[in-house]
Structure formats: structure tokens, C-alpha cells
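Just below sit the structures, each encoded as C-alpha cells.
Next come two complexes, and both contain chain A; in the first it sits with chain B, in the second with chain C.
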Partner chain A sequence: MAGTSPSSNSSRPAVETRQLGRVYKSRKDVVVALQGVDLSVNQGELFGVLGPNGAGKTTLIKILVTLLLPSSGQAWVDGLDVVTDYRALRHRISMVSGGENAGYGLLRVREQLWLFSQLYGMSSSAARSRIDELLERLGLAEVANRKITGLSSGMRQKMSLVRGLMTDPRVIFLDEPTVALDVGAARDVRTEVRRWMREDPTRTVILTTHYMQEADELCDRVAIVNRGEVIAHGTPQALKQQVDEDVIVDLQLEPGRPLLDALRAVEGVGAASAREEDGIDRFSLLLADDAVLPRVLSTVEGSGRRVTGLIRRQPTLEDAFVKLVGRSLHEEDSAENGA
Partner chain B sequence: MTQYSPLRIFFKTVVARAYPRVIATWRQVAWIFFDMAFPIVGSLAMVLVYQGLHAPRQYLGFVVMGGAMLAFWQNVLWSMATQFSWDRGNGTLELYTIAPTTFEAVLLGMAVGSMITTTIRAGVILVAGSLLFGISYASGGALAAIGVFLLTLAALYCLGMLLASLFLFYGREAWHLATALQEPVNFLSGLYFPVRALGSYVAGGASLVPMTLGLDAMRQLLLPGTPVFIPVGLETTIVAIQVPLYAVLAGVALRFLETRARSEGKLVTRWE
Partner chain C sequence: MGVAIARGWQGYWAAVRLGWAISSNWTRPLLFIVYSVLRPISMALILAVMYAVITHNSAAARPYLAFLIIGTAFWSFIQEGVSEFATGILEDRGRYHVLKYTYLAPLDFPIFLVGRATSKLASASASVVIVLVVGTFALGLPINALAIDYPLLVVACLLAFVAIMAFSVTLSMVLLAGRDSHGYGEIMAQFLYLFSGAIFPISLLPGPLAWLAALSPLGYWLELCRRAILHGRVYEMFPQLSDGEVLGRLVLAVAGTLVLGYFTYLISDRMARRRGYIDMESNW
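Take a look at the complex of A and B:
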């Protein structure tokens, strides 16, 4: 009974989880990596899982691709239970992880991809033509006969994407596929993912990222994960509406005393985040209305720091995240504990 | 998406996993030279020791045959059983796991892929050793010996799969265990002397490794005058039983430890 998906077959979701949880136990400690996750992803969707490092994104992916068992709850992919129907499920999925290093260095790109295609039973000739087609599209045709060890990290990552796509999975899981890639390579990866989905409208992509803009531009819907829990989900548009009422202001300051906590304490400041770029501190503030701005500026003045720039701008997904989580995506969690 | 039959996937996986091993043979010829040279020198050194001790001529034959068999055992242990530790380290194990193939197929592919190198190595030891020390074999037993050899090989590889299941789960710890066990196993399985010399209890225990009985049977067939531990027929029967026994055990262990490993997160490669 555990194997049946709760939804009817015809319109079944590509991915569904119910109160999904995962705990890692070691001799030293117990880590709750995932907790009470309820998700439903439709066929044909490009679904983003957005969250800071350590949020539990990879854990979620690894449960869905049958590498990890959940500690609690249930999950189905393409209607199959990830715990009881995992053998059947493995025909229908693939996974690509950012920074992946799998395979055999002495093989050439084409050979390595062929090797993995065989694990799915593809005929060698069909695999070869599919591989060549995908390599061509990702701009890797020239390195098709190069050994894996001679690839740049961007090329390697694109090769991994080819591996994921070539077996024509029903659902593909991309775990931070553009992490540490240069702008061009990241764009190529995103373009190819989009194109691959257009080829067949029932194909589904689950993509994790900690790049806000990637989630905003690429994904049909996004779940925001923080400390193992889904704290919001919806279209990027809907998530941004969370901060529609707010006034969003970016402040640039010369370096000086810490200010973030003081700004957060100002009445009418909904959320604040800070990051440093090229020796300039940039603060993003969510204000309840325009009237809050003078109070903010007097707080800054009181700290003795000088404002070098001030912009009012449109809300981004990042702002929604900051409002929901209380800190920016790149801010260390531990800072709050005083660690 | 086409879903192919398990049998088709099995054979394709074996061929695919064997491929990089075969390629390695071509692309790393220099490395192979050293890889072969050391075991050969090892066996030959043992022969010289026996010669110095004026051991009976047969003993030289024991060493040469043992050295040849050792090549296969080392292949099982180091090219197959421990391979999962490496594969886990770089994330390849994750990809094998989530593919609709089986670990058995992957492991068999490894074994088949290194068969060429191993067979050459064993052949060189056998031919060079036999010619160098003028060992003569009873040609009447040759056919039977080849049969026993193939059976032993099958049993060895099934045992290798069983061991590999441990590496699936224990990784590093299993590696240390394999290293620690290597010399005692080599000794106990009677690589360099007839296993009879160990006494029946020890020899009986050592018989868990198929190489022990297989090698003893081959020696009895090819080197007349080998002290009889158990008659050839019985030795062969036991090895023949070990083949399906270890195969089934390996299957059960791989399934069981895969589930344990999924539960404890042991198949996952962490990048941080």
C-alpha cells in the first residue's frame, strides 16, 4: 500500500512529498537536515529549491533520487514511491550535481558518456548520436575526444548535464548545476535545460540553487528552504508580492562600525541585510513606507558613517527571502548565534 | 524514455564497466610493466628460497602455480572488492546506484575488464617460472586442471562480490581489513606450499577462500606427489558449491547493505 501515490494516474504530479524528514545521526551529534516537507511539483514544471548552504537542498534531492532513505514521511517521483518502488523509479530519473567529479579520468568525454548510457541499457548507436547532438548543443563538440582530466570545470559541468539529459529521464534533478561556473557556462547550462524541457512538455526539472537570480529567471515555481523546512513556495512573481507593499532601499556606506543590528531595530524596518563588495558596504532595507527613511538616515548619521549612495528599487526574490528568513542568503547562519 | 530489460542492462553494464579497464591497459603500458614485475619477482624470490633450502623439486612447482593463482586473487581483492571505496570518493558510486543497473553487473565488469592484464600476469609467472626452473607437469591432468581453474575463478569472483558489499557500506574500515588480511590469507591458502602442511583445521578454515582448494586440486592434478589434503574430486565439488553459494550470499549482502547504506547515508558523497 505504501507504494501508491495519493494522486490519480493521469494528472499525477512529477514529484510529491508528504511530511518528508531526514535526520543524520553520527557518534557526535544528530542533525535534522529536513523536516515536514510537503511539496507537489507538476509534470512539465521547472521547479526551483532555493536556500542557503546547509538548508537541506541536497538531502531532499538525494532522497528523491533513491540515494538516501527518508527518516520520516513519504515521497513519490513520477508516481513511484522512492522507498518501495526505487528499482522501477531508477529507469526514469537522473541527477547532475554541481562540482561533480565522477567517472574515469583516462576516458575521453564521448567514452565516459557512453559508459553511463549503458547502465540504462541504451543501444550504443542511439547513445552515440544522442551524445554527439547534446555535446554539439552545449558547445563541447571540440572536446568530445579529449580526456576528462583535460577539461575545465565549466566543460566538466556541461558534460555532466549531457549525462543527465541523454537517457531521456522523466524527471531530472539538478543539484546546484551552475555553482562556481562563469557567466557564460552558467547561461549555456540554463539555456539547454530550458530547451530540453520544450522538447517534451511532460519533462520535469527539479533544480536547487542558492543563486536568487537563477531561481527568479529560470523557475516556474520556487520553494524556499531554510534549516530543513519549506518556508514558502509559489511562482517567483507571487513570492515577490510578499514584499510588494514594502519600500525597498539600497544604501551604500563607507566602511565603519557594525550597523546591521541597529538598522534592524529601527521602527518600520521590516528586514535588513548587508554585504560587502569592493570595500563598500551595501545594505538592503525593507521599509514599511517612505516615512521610515528619515529615521534610517538619522541612525546611520548617529553611527558616524557616511552614505555614498541611496537607491530605491523594484523588489527581487532576494528581498522576499530576506523578509521571510530574516537574513540574506549569503549571511552566515552562525552569526546569529554569536559563534 | 525507454525502459530496457534487466538482462540487457546487465550485459551492457558489464561491457561498459570493463571498458575503462581495457583502455587503461592500452593507455598506461608503462604502469602495467611495474604492476606485473613485482608479483613475478615475488614468486621467483620464493623459488630461490626453496632452491637454497634444497626443497624437493615439486615445491618449485607449488610456488610457480601459487604465484599464478595469486595474480587472480589480488585482482579480486584490489581491482574489484575495494573499487567501491574509490568510486564512492569521487561520486561515481552515486551514479551507479541511481542507474537502473545492479552492483553485480558493475563488479563483474570490473573483473572482466582486468582479466586481460591478470591473465597475462599469471601466464608470465607460470611460463617464465616453469621454464626457468625446469618444472614438468603431468600432462594427463591438464584438461581437468583447466576445468578446476575455471571453477575456482568463478568462485573467487563471487567471493569478491561478497567482499565488495562490505566496501559499499564500510569504506575505509573495510580497506584496512583487506590490507590486514592479505598476507595471512596468502599464507593460509597455501600459495607457496601444499595446504596439507597446515593441518586439517587451519586448512579447513582456509578453504573458505576458493583459491585454497582449487589450487590444491590443480597441484594434485599437475604435480604428482603433492601431499593429499582432500581428494581432488571432493575439493572440486566443494569449490563448485562455493560458486552459487557465494553468488547468492553476495546478492543478499549487496541488497541488504544497499538499504543500510541508503538509510545511513553511506552512498552519498559529500563535497563540503
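Take a look at the complex of A and C:
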């Protein structure tokens, strides 16, 4: 059947891609945003897509939600081809992007959500009751009659999540849903996503996030995307096992000359990442064995910088990410980028 | 099928409410009403003064004054409709950042656009009545509300609305697939102004342009509006054609516009998704 996923209905993946590629062409440039992406996400999974800025995560999501056409390959969501069956597919999916001020500012929260429910063909009464239920759960009941211009960015982001969930999509795409949220609001969002999935075990979530701890905590499986390619995928536990045999050390240094490249060059350092927090440079190092540590400390000493803390710890998903990608998610955003 | 129509209708009405909220909430209600009334009256009076200066108010030119005022009155449908469609795309993309969400909703996007612009067409209806009343009492047009051929007027207007929607959806989809789209709505409206016979007969256009204007439904629509309101006492663009023949041409031109609009919609929709422009950031 043209345009339909080759898998049978019972075992049909929620999302499937085959050799998916996307090239952006302009007069000056050709940018390969995605190439040869093969993925299969099961129904009922919470699947994370991780990668540095510009890795191709958002391009992948945009293709899967039918905002963008692929340049090559094929993709199916809930069994429907994203290119040929896009109209039918839009009844079954929704998308929520974090970090944006989306919304008709002059409408009230409840009005805005009701508007979208009508664009999705929900009955008005069912929509109103579902909206009230979700607003209550996400702590927005008190602002339901407030104009959207009067909401904080965190409240707007939660309202966007209500918009995405209220239509009961088969697959929801959450693009950085907790970015820029405070700790409490981010926790509310994660709790609601989990609860929404528990309500129907066949519901599927595709999540992109910058927060490794969030991915580790929430996701059943993750794919790591770098330079447009999926370089690894599996459960967070399986990915962490890739760094099980490494010695992982966190170093805290007083600010000083850039050091990251020098540390990466030390023999036995598998990967290194750095970030700056509260005026302190923090380095995470994956060492082949304990014998590498003295060489690392010697390099630090040679740079004239002073060690203020040193911890050996258990591997995290971020360590696996750094080993696979070569840098951390925070690195490009950090002032400590060449630290 | 029935469910799909019901859902389409439901989504349309939600978009109508949204359009009304946006178009009426930019200022205080009193100022909104003053603006809605003064704007069309000013436009009509400017043309009337120009007419008076050029013709020295000669009696022989009175049918042309009626031509001018009725054309200007009904022009507001095109002005409001076309510009509101364009504004809808630009606002939703650059100001409210919701374009990708309304586009991705299952409701057909053109239905959403039509709904969003409907309130403007409603306010344009009010503006038509205001201009005609002013034309009757202030400029002495011989309009008698009881003598208007309402069936002809309603049929012509319904057909024209379909054509205006098709024009506007086409323009909106072109904007959707374009990167720099500010001002296109006004350009399109002014372009149509030239080719519609609103203020001068299309036969005055140079040869190829007159031929092009004859393909547009707008000239036939305005002609029928003038005939329905002031039959025999208004300058006619197509004196050789009967009402039925003008109506027939209007039907054909509307059908052509629909076909053209549909294919432009398909092409622009695909182009927008191919280029990845639907959720692009733009300045507002």
C-alpha cells in the first residue's frame, strides 16, 4: 500500500525512518542537516533525541510533524507517510516547542486553548472539560481567564503543553519543552508528560532536550544525533555502559587560561568537556584508567591554574554523550568554551 | 463526509471568532467604530471631490459619479479581504508565533484563513452601506432601497466573495512560501484596484491589460452591483451585454479563479514545506 509503513498494524512502530535525509540549499551554501537516518520508535515509548545545536534534531522533528519535506528517504508516523499522508497524519500528532512566546496575546488562556481544540475538531464541551482538567494539573487554573500577554514565559510554555496534550494525539513531539523553565515548572512538565503516557500505554512521546538528566530520567530510549547522523541509540542504561570501564573524574578549577584542548591532548583522556558555573570552571574527563590522572594534574599545574576540587564518580548519560560526540551539550553555550 | 464538513464548519467559526477578536481589539470600541465609519466615507468623499473638480458637476457626468461611488463602496470587500488574509499570515508568523501550530492543525489551512478574514468582510459590508447612504443623501445619487434588484445583487456578491477568497487564499499561500512578504497584501489589493473597474472602466486600460482585466471576475461583479442598484442610471462598462450575460461571464471567471487558486495553493503549500519556511522567524 503506497505511503504506508511496511510493518503490520500490531507491531507497527510509532515512528519509523529509512535513510532519511535533508539538505538545505541556498545560492551560497549547501548544508546537509540530516543524512541516512534510520530510526524505529515503538508505540508507548518515550524516545529522546539528543544532540548539540545544529545536529539535526529540530530538522528531524520538523520532517516528522510534516512542517518540512525530506530531501531523501522515507518516514512514517503512526503508520502514515509524512509526505503523502500528511493530512491524515495531522489528526494524530501534535507538537510543542519550548523557548518561544507563542500565543494570541489578546486572547485569554482558556479562549486560546478552546480555539485550538476547534481546529482539531474536538466537541466544545469535551474540549472545555479537558482544558480545565489539564490547566488544573499544570497549576494554571488560576490564570485560565488571564490574557496571554499577562503570562510569564514559564506559564506560556505550560499552556503550550496543554495545547499539545488536550487533543490526545497518538504521538506528541516535544521540542525542548523545559528549556528556560525554573526547576519547579520543569518538574511539573515532566510529571504531566509521564502521567499523560500512563493514561494510555500506546501513546508515544518524541522528546528533544538539552538536559541530559531529564533524558536519563524520562526516556525509555534515546538517539544521539551529531552532524545530521544518528551515531548511537539505545536505552540510557545501555549507552552509559559504553563508559562503564572508563574512569570519570570531575575537576573544578579557578578561572584562568584555556585548558580544554590541552586536557584532550593528554594521552589516556578519552573525552573531556567543560562548563562554567558560578565563576568556577568544571571539567568532566573520561580517563582510560587511574594512571592517567597524574598526567592530567600535571597538565593543569603546568598551565598555572589551581585545582579547587576533584571527584571521581559514576558514569552518566552525559558522559556517554561526550564520549560519542566529543563535546558536551553545554559546551557551545558556555563562556568556558575553550577553558 | 458529514463529520468532515461539521468539523470544517466548527473550525471555521472558531477562526471567525479569532479574526473578530483580533480586528476589533486593537483599540477602544468607540475609536474602532469611528475608524470603521470614517475611513470608507473619507475614501468616497475624496473621489467625489475629484469628480466634481474634473467634471464641474455637469449633469451629463452624473452616471459616472454613481459608477465611482458604487465601485468604491464595494471595493472595500476586496481591500479588507485581501489585506486581512495577508496580515493574518504575517501576524501569525511574526507577531504571535503560532503559524506552525495553526498550519499543523487538521483543519484545512485555507478554511482557517477564510474564517480569520471573515470578520473583516463583515465590517466591509457595514462600510458598503455607509458609503451608499452618504452617496444618496450627501451626493444626491438616485438610490432607492426599495428598487434595488436584491436577488441579482446577492448572487453577484456571493460569487464575488468566492472569487475574493480564492484570490486571497492564493496570495496567502504565496506569502507562506516566501521569505520577505511584508506589503504584498497592499500591493495585491492595489493591483486588483486597477483591474477591477472600481473607479474607471476596464476598457480604458491599454490593450493587453484590458484583455487581462476581462478575465478577472471583479469587473463583472462590480458591473452587476451597479446595475442591481441603479439600473439604467449608472455608467455601464459592458453596455452590449445583458445582465444574464454579465452573470454568465462572472460565473466563468469565478470558476477560472477557483481552479487557478487551487493549483497555486497546492504548489505554494508544497514549496513552503520544501523550503522550510512555515515556521521561520520573521520580524513584525
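In this text, the second predicted complex is superposed on the first by the 326 of 339 C-alpha atoms of A that agree within 3 Å, B and C clash if a C-alpha of one lies under 4 Å from a C-alpha of the other, contacts with A are read in each partner's own complex, and residues count from 1 in each chain.
Following the convention adopted for this analysis, a residue touches a chain if its C-beta (ideal position, glycine included) is under 8 Å from a C-beta of that chain, and two chains touch if they have at least 3 such contacts.
Here the structure is a predicted model, which is why all the values come from computation and not from measurement.
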Chain A as common anchor, with chain B and chain C clashing or fitting: clash
First (chain B), second (chain C), both or neither touched by A:99: first
First (chain B), second (chain C), both or neither touched by A:168: first
Touched partner set for A:119, first chain B, second chain C, both or neither: both
Touching partner for A:187 - first (chain B), second (chain C), both, neither: neither
Partner chain in contact with A:87 - chain B first, chain C second, else both or neither: both
Touching both chain C and chain B, counted on chain A across the two superposed complexes: 24, 62, 65-69, 87, 90-91, 93-95, 100-104, 106-107, 111, 114-116, 118-121, 163
Contact footprint of chain A on chain B as seen in their complex: 1-5, 8-9, 12-13, 15-17, 19-20, 23-24, 27-28, 90-92, 94-101, 259, 262-265, 267-268, 271
Sites on chain A touched by chain B in the complex: 24-25, 62, 65-69, 87, 90-95, 97, 99-104, 106-107, 111, 114-116, 118-122, 163, 167-170
Complex contact set, residues of chain C against chain A: 7, 10-11, 13-15, 17-18, 21-22, 25, 96-98, 100-107, 112, 270, 273-274, 276, 278-279
Interfacial residue positions of chain A with respect to chain C in the complex: 24, 62, 65-69, 87, 90-91, 93-95, 100-107, 111, 114-116, 118-121, 124, 163
